[in-house]
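Beneath this line is the structure, given in structure tokens, with notes to follow.
Letters are used for the chains, namely A, B and C, taken in the order the chains are written, and counting of residues starts over at 1 for each.
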Amino acid sequence: MLDFSTLLPALPVLWEGVQMTVLLSISALTLGLIIGTIMCTARLSNSTPLRILTKLYVSFFRGVPLLVQLMLSYYCLPLIGINTPALPTAIVCVGLCSSAYITEILRGGFQSLSPGQKESAIMVGLNRLQIVAFIELPQVIRLTIPALINEAIILVKASSLISVIGIVELTRVTQNLAASNFQPFEFYLTAALVYFILNSTISVLGLWVERRINSRSIV
Amino acid sequence: MNKQTQDSPIVEVQKMSKNFGTTQVLKNVDLKVQPSEVMCLIGPSGSGKSTLLRCIAFLEQYSSGNIYIEGEMLGYNDDTDIRKLTSTNELNHVRRNMGMVFQQFNLWPHMTALGNVTEALVRVKKLSRREADEKGHAILKKVGLAERALHYPAQLSGGQQQRVAIARSLAMEPSVMLFDEPTSALDPELVGEVLQVMKDLAKDGMTMIVVTHEMGFAAQVADTVVFLDQGEILMKGSPKEIFQGEKPPRLEQFLKNYMDRNAFWE
Amino acid sequence: MMTFDAQLILNHLPDIASGFGITILCTLIACFIAMLLGLVVALGLMSKAKILRYPVRLYVEIIRGTPFLIQLFLLYYGGPSIGLYLEPIEAGIFALACNGSAYYAELFRAGFNAIPKGQLDAAKIIGLSRLQIIVRIQIPQMMVLIIPGLVNVSIILGKETAILSIVTVPELAFVLIGIGAETYAYAETLTVLAVSYLILAELTSRFGGWTEKRLSKYMERSI
């Protein structure tokens, strides 16, 4: 029989795990957005080496499972003399992985804008930076918000893998609780529910942001 | 083909109304289409002529009144007091002698012209592939597309696509054909070839209901022209009566607008 | 200093090959079941009956809102609590298939909706049955439209198989990480691992591109 009575005393520990998961996710997403924007600029630049490099970057981080990336950074970075603690390593790893996806999302956004818009902006005398800042970026943000929100949800889910390199976030906490209480079903179900609530929150928040952005422009 | 005697109409619409939510788009429409009759529905956009045609095809459910196709009630069970939709099988049975051609052609893009024409022959009429192909080729020849049988819709011009769509309907040997603005999506220079196919059909005695903006076609080919405005039939008559006789002011205005738009010589 | 000992990889080649085989096997079986299940789920999502649509929608949302690792743990470690005893590989494939079905289902649904309604009107009026319309008109077109999406989800599922190593499925990641732990040759083993997945992803996407080209011939304007 299922028995959820052991859940109550475990709540404080679970809460700590949730906090760690949220912290990890927010830091990694911020990093991913920054690097993703930079990478996207390089990806769309006129320089061939830059374009090829960013393409390789994106292929690597999208083609290799995050678990393997985590293992690589955890075991191999020390081999070349980089000894960062596990937590920053994990954040950077997830952030880099996410940046590859964000690069492609933003690229899609920029490329979906009709070239005519840019031409008309050039003809009225806007410079390159002005075109990006005032004509393209506002539209790209509006177009890519749904995909970026989705990426945030993927990132929260991916953060569960960080448990394998020993960081005590929601999944790791749950593993410990499940083992010590001999109640894997109850605890994993609870963890699933918590992740679901976290992601639903992001999803609702995303819809709200989307609506606010769209309400301010006539589409 | 199941031709009726002269006194029993192929399509009969009785006091038919259609609501979208609270707005009434068709009001008390009465129509009778006799075998071999060509009827053109004209009217300003939003007058309900396409909706009327879609109701006759039961692609839209009508709200009240009755529609009979060759004497059989369309879409609803006739014998009960409460209006009940018929089963898909019964619906298909009543529609079996009806063909329809759409403004946007609606060809299936993943099938060749021949595939489009033979699909229903094989799936619905259960013809063998060989028989269906034979028949398909013959009908494509009839609409002047014998050489295009193995082309996909994307490889055909708009006029050719519409002719394939006509062939697709013809293959089922309908006793009545519905045309929903068949030339409105075409480039002007392609309109003629489609109208020619339709004229040939009319000459062969096909019963046709045509929603159209081509007044020339209506004047030359139609037996009856029906003018719809704001969901109501304002006038019904021969082309001569409609275009040359006494007419209600709205029809007068409608025709005047049409003339102004198409006049290039003051 | 990091060195690369190729001999070590060669020595373990049979193990690595068997791991690679299991990875591919898991991916193929899981993708296959997931697509079939996904098609059923998609039909459920599009059903007019709320009693069918709502539970299916909940299923999709829960799968998409929770990490695969948790789904796997719930099935493998939690399964016995509800009388479900599965071998690691069974649990792994089953979990992957359920996970994938939700993503495939959304693709199928979007694909169905992308087909112009007029084409379905034309099919209805000519007398094709509901099933014939789905099989002959909708599915063939939908498949071409969504191939890029299918490839994407399949690549993601292929990568997720790495996670099966955590519940001791002897696939590629399990084998190579195991060799790494034994010999401390992490640089060699993990590099081989990463490159293998890159190759797998590349092959999947090539295969997808090839299929798309073959199936979408009808969209080309000239012969």
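Throughout what follows, a contact is a pair of C-beta atoms (placed from the backbone, for glycine too) under 8 Å apart; a residue touches a chain by one contact, two chains touch by 3 or more.
The UniProt protein names, listed by chain, are A, C = Amino acid ABC transporter permease.
It should be emphasised that the depicted structure is a prediction, and the values quoted were computed from it without experimental measurement.
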Chain nearest the overall C-alpha centroid of the shown protein atoms:
C
By number of C-beta pairs in contact, which chain pair leads?
A-C
Chain centre separation (chain A, chain C; CA means) in Å
21
Find the geometric centre of each of chain A and chain B from their Cα atoms only, then give the gap between the two centres in Å, rounded to an integer.
54
Whole-angstrom distance, CA centroid of chain B to CA centroid of chain C, is 46
Quick one: which bits of chain C touch chain B in the complex? Just the residue numbers, please.
116, 118-119, 121-130, 132, 136-137, 140-141, 144, 217-223
Chain C touches which residues of chain A in the complex?
2, 59-60, 62-69, 71-72, 75-76, 79-80, 153, 156-161, 163-164, 171, 174-175, 178, 183-186, 188-189, 191-192, 195-196, 199-200, 203
Applying the document's contact rule, which stretches of chain C touch chain A when the two form their complex?
2, 61-62, 64-71, 73-74, 77-82, 155, 159-160, 162-163, 165-166, 173, 177, 180, 186-187, 190-191, 193-194, 197-198, 201-202
Using the touch definition from the top, list the residues of chain B that touch chain C in their complex.
57, 59, 88, 92, 95-96, 98-100, 102, 104, 106-112, 119-120, 123-124, 151-155, 165, 168-169, 172
